[in-house]
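Quick notes on the structure that follows.
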Amino acid sequence: MDYRDSAEEAEYRAGLRAWLEENVQSGYEHAASQQERAAIARTWHRKLYEGGYIGQSWPVEWGGKGLSPAMDAILNEETGNFNAPPLPGTAGYIGRALQMYGTDPQRTRFLPATISGDIQWCQGFSEPSAGSDLAALRTRAVRDGDEYIVNGHKMWTSGGQYADWCLLLARTDPDVPKHKGITAFLVDMKTPGITVSPIVLADGSPETSEVFWEDVRVPADQRLGDEGEGWRIAMTTVSYERGPSDIGFISTYRKSLAELEEAAAKKGLTSSAEVRARLARAYVLGEVLRLNVLQQLSLRISGRPPGEEGSVSKQLWTHCEQELQHLALDLFGAEAVTGQRPDYLHRYFMSRPISVYGGSSQIQKNIIAQRVLGMPRK
Amino acid sequence: MYALLNEEQLALKEAVDSLATTVGVANPIDLESREPVQGWDRLRQMGLLDLRRRDQGSPAAGGVEVMIVAQSLAAGLVPLPFVPTAVLATELLSLAGASESCLDEAVGTGSKYGLLLRPDLTALSFAADWPDSLVWGGADTRFVLALDSSGDDVRLVRYELSAPLSNNLSVDLTQGLWLTPTATNEVVGDPISGAQLQAWTALALSTIGADLVGIMRYALQGAIAYSRDRVAYGQPIGTFQAIQHLAAETHVTIEAAYGAVCYAAWCVDELDPDDALQAARTAKAYCAAVARTATENVMQIYGGIGQTWEHPAHFYTRRALLGTQLFGDESTQLAEIARTRLGGI
Amino acid sequence: MDYRDSAEEAEYRAGLRAWLEENVQSGYEHAASQQERAAIARTWHRKLYEGGYIGQSWPVEWGGKGLSPAMDAILNEETGNFNAPPLPGTAGYIGRALQMYGTDPQRTRFLPATISGDIQWCQGFSEPSAGSDLAALRTRAVRDGDEYIVNGHKMWTSGGQYADWCLLLARTDPDVPKHKGITAFLVDMKTPGITVSPIVLADGSPETSEVFWEDVRVPADQRLGDEGEGWRIAMTTVSYERGPSDIGFISTYRKSLAELEEAAAKKGLTSSAEVRARLARAYVLGEVLRLNVLQQLSLRISGRPPGEEGSVSKQLWTHCEQELQHLALDLFGAEAVTGQRPDYLHRYFMSRPISVYGGSSQIQKNIIAQRVLGMPRK
Amino acid sequence: MYALLNEEQLALKEAVDSLATTVGVANPIDLESREPVQGWDRLRQMGLLDLRRRDQGSPAAGGVEVMIVAQSLAAGLVPLPFVPTAVLATELLSLAGASESCLDEAVGTGSKYGLLLRPDLTALSFAADWPDSLVWGGADTRFVLALDSSGDDVRLVRYELSAPLSNNLSVDLTQGLWLTPTATNEVVGDPISGAQLQAWTALALSTIGADLVGIMRYALQGAIAYSRDRVAYGQPIGTFQAIQHLAAETHVTIEAAYGAVCYAAWCVDELDPDDALQAARTAKAYCAAVARTATENVMQIYGGIGQTWEHPAHFYTRRALLGTQLFGDESTQLAEIARTRLGGI
């Protein structure tokens, strides 16, 4: 057990900091529109690529550097510390899917462009009637010669409006058990028949999108993996969504807490023992999450694939952020409800879906009980 | 002792429930199509605007009736200022012995009277603080009531706005909170005593508590109905124990809040102002403590769809957030309750 | 809606207060042993009987006065206010069972003695492997001529050591669905083959008992109701356990809170805003429970039998008491763990089983979800 | 960066886990049959008593090893004063540079050294407060360590008891807290600096945190095993989502507490005392916040049987109650953390 950087890690961190000092992209946080944010993110992706910071933990043969997952965590942490835009997470996990399940031509075609940021990906998984129960998805892909014809309706396709390509899950065989009839595809978002429409969240900001698929023709060589292998591909992909990248959340959290402490002090609230205790508790929860994530990361470093214990981090993350936003409302409730602090209201509403997306809190508890604690299923 | 609604009160509830479905809001699009003046007229036709006018010194209807109406209108997300205008402004004018014509105006065409609130929403504002205060009322507010304590007594002050309200700042899409525009003011009626203000605050707290109970109860009903239809893993999500228990826990807090609000509402006209105020603070403390969680639980049961603008779930959450703050959140109420039980610090 | 006493209620209350002034039995709370407490309770039962306060809401034909359930609530409240020993609850609900399901000879034999306190009852329902799932009970009663022979093991038989008779549930038919094979019996606790042994609770105090039944011969005329009717009898009985009698808890709760406030003030804690808020919250929770119970009581007064809404009161009661004891430990934790305040430790441990007995919190939530809210079963 | 136990540390854990099953307590009856002197000998044979003795100025083992041992011994409900005697008394003697013979005695036959704690258990007590303080240690305690600040420096004081301890007041049936008997005292070793005391407090808090994690984890394991066997409504209760979620929620808090305790334990010997103390307070704050609830949830899963004296569930609850208080509960830690982050009031 050693929480310090190893020599290698320290060297990497120093190099990264020097690079960030020169190259960090600003303006993301205060961008006027989602479109502007997407443009900044794309530029930032390219810069990171030029700096050698995209796909750094991928194998060398696929354009990576084979670095330890620890370096990904440091990258997350330091870009957070430097107030950089978020790291392009989709590149990371869709790259994994391509490496593990792609054909050689697919890898050659997509991996370089994914690393460089020339292709921005979105994820076409969830549907109106397939959320927590993702395997119930209904979008159909029917083979027609050298193509598949896709019809369906996807929800919660983050960045759908700005993505170039989509990793799509569709049902190719309705006659087998639901997990076995799903296939993954790589689809150009400019293909005719695809319509993207924004989903506006409860606080009024357009944050994600729904995508309608109408007779969309997808060449068969853009199928990822075999027919029926889609579920396994999706599960692998999703597992790489969690884990060390949470560290990106942790630096955001630290900043939010520091801002809240400052705002509370300015309002004269930090003379109240109750407020002090609640702010200190928010600090404790953040630390507890950080230290749990470090343990998860250590498992990854020691070669274990991301597992169900990630559900524990997800629960802690949810609790952490939702509690922080509750605290902000409790301290600045009147300001928040009278339009003086729209930022608190925005963050509050943004904190609510954390217990829904990426597996709801209820699903996470099922996973912990049954797969981590080994409790019996009915 | 009978702590439930009697026949007449049940009939009133049923009538207002039914009205609320026609003048209330079911989704964001309704907000644009609802015509406030017509809605207000519907309330007047049912006699709901006169509940706190005095007939030979007694209010036309008691705190319990006000509670029933406030609860049902909130449940239906009725975007009309029943609470600030028809209940609280009318009550203030009645307490100050304002002229009948003034009262007629308050409940006339359009919701013309608003209240001046402190920027932290914890109390009525004083006239001297006009520029920093907020107006709680409908878009057609023409007069705003505030207090004035510059003399020996506390007096009611009426502002007449020189232009319509603009700049609605409210988080709640069905209730308005506005920046103060330019206005002229005059004293109205007689001085208001401390006991009268206590009684008025008790009415305010219990009515806002009723509003919160209304939205919590109706929000949960919707989520339960959804849980019967929405299928996941081959069965309605309402069959999962996790969803059942979330709904059950929420129901427990709502029923508990309802019991406290009933008592507080009854106390308004039946007990001494300080006892009524203690009951009202108790009810408001509890409602404020559970309302946000209740509406969050509802959003959670709805899952992804409950997080979107197009779904009405956030309407309830927003109204819960505002109601929690109006006249003080849980910690404000607890501090006051502690003062009565433990003495000052 | 009217929270004041009606004229009748006020008159009853005044008479009761005058009677209590003269007759209230003291010493229960500080009795040296459970045995002494049982003796005091028996004397108190007799006094109440002489005062006309036992079975007052029973029909006149069964020795009652046909008073409204409101009077039972007032009785609970005022005896609580006068620090009297608890009311003999078993007499109330076992009396109901006798009235509803007893034969005429049984009623004649048992009702007068139950009212007068000559018979103290205990309840033989739960078993080691039948707690929440009471219908799974295994104690067998086998018909043998004019008798039944009972064998089994009952748990949580409160007052088993001091009771004269027992309302027993036993399985008479193992071949029908579990709810249908249960029969109720009235059994003299002096019958050979019955052994009572104390159950010591987590804080070290013997609070209840387990009862071993070994070839206990019960005359067939002591069967209550028909064979197989035991489940229905038990459910009716249990439903009368809740409800207005909770008001007895409410006066106890008020006293506990007042004591805690006083102790906190003495220790100088009431200058802390946080402690003040927590004490005020405890007051709010107590009021909220009281007002909910009054609504439940009003349903009873208006003639509705006790229903599933009682589960809401049970949840509130549990929350109230467990939170109060948490607060006591949070304020006086060091005193409690170092033996300076054994009373707080005792009350804390006594507060834990509230979420287990009489239907666990999990069962209550099932009831609320399925029977009150009408949510679907699988 | 590697936040998990390495091979050696895993081996140590396994060895102590195994020891704990033989010297620990599985039910109340074991308490009478356990022979403390023999148990203590077993710890010594495994070298667990010397962890904090110094070898050329460095402790024989780091905070992480202490954490591992404390956690496993607590999990096994080992009724021996490992924490106060083998860890904290030894550490105090080492910090003060006490003589080797004194240290030999501390870890010799029987657990001879106890600590003097303030009556509220939040800190070591000062010699002047002897009569009102409590002794934390085993039944065979002969020497009690306290501090003295009557001179210019803080000094370590050693009391020699004139009679064996009696009057164990502890709620925890596996750890002793005793009234102070008559004793004579003398100063031991060199003055102790503020930084040394900070580091010592960090060790104390992280070790008590480890103790709490140990009992929580083991208590939950037991309840989960029970839930597999216990049948209700025709199926193991562990199949019910309500029970699964209760266990899952508890597991989340235990894993979270474990992560915080690991870091705090590592910091003890690796960071500056003030940073180590902040990490330790963080871990203790979290452990204290969740330990009671975790053990209550365990009692709840056990149902009726978990409420009885004969069942070991209450052992965990009792140890959680004591551990929560030792060196300050959550609110004590939060107040200190707030001081470092927000400044004084």
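Per-chain numbering from 1; labels A, B, C and D assigned in written order.
Quick note on the criterion: a residue touches a chain if its C-beta (ideal position, glycine included) is under 8 Å from a C-beta of that chain, and two chains touch if they have at least 3 such contacts.
This is a predicted model, so every value here is computed, not measured.
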Chain pair with the higher count of C-beta pairs in contact (A-B, B-C): B-C
Cα-centroid distance, chain A relative to chain B, in whole angstrom: 40
Interchain centroid distance [CA atoms averaged], chain A/chain C, Å: 53
Chain C: positions in contact with at least two other chains: 273-274, 277, 362, 365
Sites on chain B at which at least two other chains make contact: 240-243, 245, 331
Chain contact graph, described as a line, ring, star, complete graph or other shape: complete
For the chain D and chain C complex, residues of the former touching the latter: 119-122, 134, 169-172, 177, 231-234, 240, 242-243, 292, 296, 299-300, 303-311, 313-314, 317, 321-322, 324-325, 329, 331
Residues of chain C defined as touching chain D within the complex: 126, 128-129, 131-133, 136, 155-156, 199-204, 274, 326, 329-330, 333-334, 336-340, 345, 349, 352-353, 355-357, 360-362, 365
Sites on chain D touched by chain B in the complex: 240-242, 245
Chain C-touching residues of chain B, taken from the complex the two chains share: 1-6, 9, 64, 224, 227-228, 235-236, 238-239, 241, 243-245, 247-249, 251-252, 255-260, 262-263, 266-267, 270, 279, 282, 285-286, 289, 330-331, 333-335, 337-338, 341-343, 345
Interface residues, chain A side, partner chain C - complex: 272-274, 277
